[in-house]
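Labels run A, B, C, D, E and F following the written order; every chain starts at residue 1.
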Amino acid sequence: MEVTVSRKAHFNAAHRLFNEKWSDKKNSDVFGKCNYPNYHGHNYELIVSVTGKINPDTGYVIDMGELKKIIKNEIEERLDHKNLNLDVPYFSNVIPSAENICIYIYDILRNYIQKEFHLSVKLYETPRNFVEYSGN
Amino acid sequence: MEVTVSRKAHFNAAHRLFNEKWSDKKNSDVFGKCNYPNYHGHNYELIVSVTGKINPDTGYVIDMGELKKIIKNEIEERLDHKNLNLDVPYFSNVIPSAENICIYIYDILRNYIQKEFHLSVKLYETPRNFVEYSGN
Amino acid sequence: MEVTVSRKAHFNAAHRLFNEKWSDKKNSDVFGKCNYPNYHGHNYELIVSVTGKINPDTGYVIDMGELKKIIKNEIEERLDHKNLNLDVPYFSNVIPSAENICIYIYDILRNYIQKEFHLSVKLYETPRNFVEYSGN
Amino acid sequence: MEVTVSRKAHFNAAHRLFNEKWSDKKNSDVFGKCNYPNYHGHNYELIVSVTGKINPDTGYVIDMGELKKIIKNEIEERLDHKNLNLDVPYFSNVIPSAENICIYIYDILRNYIQKEFHLSVKLYETPRNFVEYSGN
Amino acid sequence: MEVTVSRKAHFNAAHRLFNEKWSDKKNSDVFGKCNYPNYHGHNYELIVSVTGKINPDTGYVIDMGELKKIIKNEIEERLDHKNLNLDVPYFSNVIPSAENICIYIYDILRNYIQKEFHLSVKLYETPRNFVEYSGN
Amino acid sequence: MEVTVSRKAHFNAAHRLFNEKWSDKKNSDVFGKCNYPNYHGHNYELIVSVTGKINPDTGYVIDMGELKKIIKNEIEERLDHKNLNLDVPYFSNVIPSAENICIYIYDILRNYIQKEFHLSVKLYETPRNFVEYSGN
């Protein structure tokens, strides 16, 4: 009997999309406004979902307070009020698209969530654009 | 060809989390503020999803009006404006965590939804914490 | 490694539910207020989700700007500010329930999304009623 | 010491905008898609706000349950699942723009709210377009 | 040149409505489900708005971080995960209606906001019921 | 008889807060994370409200399509996907706090809205922080 529990968090960051192997023109053609040189930014909304059996002693799949702390320490501390391209080493050679940020977050959180639990990460770049990654 | 139809409902209830086998200190350590003795409460938002084939005569998987009535009669009547610990017999020996409330709701609704339909229940305890259960 | 990307859109339309093979009384009994003769309407909110591998050159599964254009040209142009029963030939003999509108949208979009991608369409008829279809 | 209390409600309706004194071309030029002949529709969200002194015996400015009933009986019954142009006599010679619907609702509700209370009506035609009227 | 700045916060609490001077029957007649003896609860959403001149050195009317701290220390600490009737002395003889909670919050915050600023407090008891108080 | 009509829009931008007359330390003490050197960003949500008499020929206070175009051409074109500090000359010597951005937007829009209409601008920097300015 498995239940999925989800926790919402958020961080604000700047980024721009560009591929360093491409000309300025090709970058502009492909990425449009997202390629503007001086960065733009988003209020990223993050939903972390963990699926597993309920612990009968607590009624919890996972302690939401613990999950909140992990998200704060491992994700918000790294990304909140940062420039993803300049301040986060991982994105020095990975394009900080919503898709890649979502995988980055998943890969960090995976280390803190017990192996027997399924993990899924949903990331809203805007209320109109969002992505989801579940590790495969 | 299967479609999932979902209906949103809500109820307001009080609860507290504690394990009667534990000391006060352990309860407080594990459940924190959720263990405060005099109860706190939530606006629970509920999403009930039913998956099945469309009836070509109606264009419906299931009549949303009927589903609304079932949720009202079977869930809201039992839980709305109640103290889950004191007023709902099921929770006299089950901790009313979001996870357990979600299973409780699923198990009741399962009796009212035809066997050939898949059922899933999502329960928001707050806009930031929510759980989902699909019966296995 | 597959990621799901989603794009939100919206359109406003009028419709009514009725089955031309049924008497007025049966239509009214089954569809209630949704059967009123002079139509009513909704702000439909649409979420289109595409699942696939990330293109390492762009960091994208699919260009969200392209997806936005496809939704605008192929769905909004056909449905926005329309009477679904009278203005959309497909619904001249298909009941424009949320379920059937969702399948209609899916079937159109499927032609514009590469075969190797999984497609899913979620349609909110109201904030309280919504449906989802993924092609099987 | 005055407090404002607000209650949210909703109704779904069809309408179209046109001025019967104008040519088809002028109607189309002025109202664009909102002038399409076969109607379109919206999920109208309504917020009714009443400002007044608190009754010390109840802690209420006005009983929200009563306000909910008034809105249901006087507004939802008249407008929900209706075609505003065809089914609501008031709009046979008044254009059912959000502005005019808002005034219509205000004028009805004003009869049911005690004179010493201030009344304000906010009407969302879509999540992106809304209007407010307070009686002067 | 005055600007209004607003900060959103939230707390979860239990309460019930009753007037100790009334019979059980009258309490039940007036307050309905809100009078149930074992309490129910809400996710209260709070919006605190401060109006004043911008400080040209900071571009701020008031430091939102400071405002967040005041709300946390003075309001959330007192109300979050509490039973308003039993745990908050103020409500031992004041009915904890949304209206009265809003005034309670306003009166506390007024002490921490500079006199030259206008203060307004909006409190959502549910997404459908909310109140606002501005000190007169 | 005056009605307020409101239109929602949005833009994504990067910014940082700092006062060029202050030391790095003072900037960091006052602005905290908002002072990080490489910028961060937000999904700004904008609500523009215009109050005036209804034109009886259209049922409109102001044509929402026109208002949408003005916001697009005059605000989104200037701010969307931009770095407010680097790309918008106005903010070369004005701190781009939410308060100051709101005044900037108001002052531009004021030129495009007829004098007899009242104008108000609300700007959400995040769903939790927002500001409003009405020209005095």
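Basically, a contact is a pair of C-beta atoms (placed from the backbone, for glycine too) under 8 Å apart; a residue touches a chain by one contact, two chains touch by 3 or more.
These numbers were taken from a predicted model, which means no experiment stands behind them.
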Considering only chains that satisfy the touch condition with chain B, which of them also satisfy it with chain F? A, E
Find the geometric centre of each of chain C and chain F from their Cα atoms only, then give the gap between the two centres in Å, rounded to an integer. 34
Here the gap between chain B and chain E, centre to centre from mean Cα coordinates and rounded to Å, is 28
Going by the contact rule already set, what residues in chain C reach two or more other chains? 127
All pairs of touching chains? A-B, A-C, A-F, B-C, B-E, C-D, D-E, D-F, E-F
Of chain E, residues touching chain F in the complex: 1-9, 54, 57-61, 63-65
Considering only the defined contacts, which chain F positions touch chain E in the complex? 17, 19, 21, 30-32, 94-100, 102-103, 127-133, 136
In the complex, the residues of chain A that touch chain F are 10, 12-15, 33-34, 36, 38-43, 80-83, 86-87, 126-127
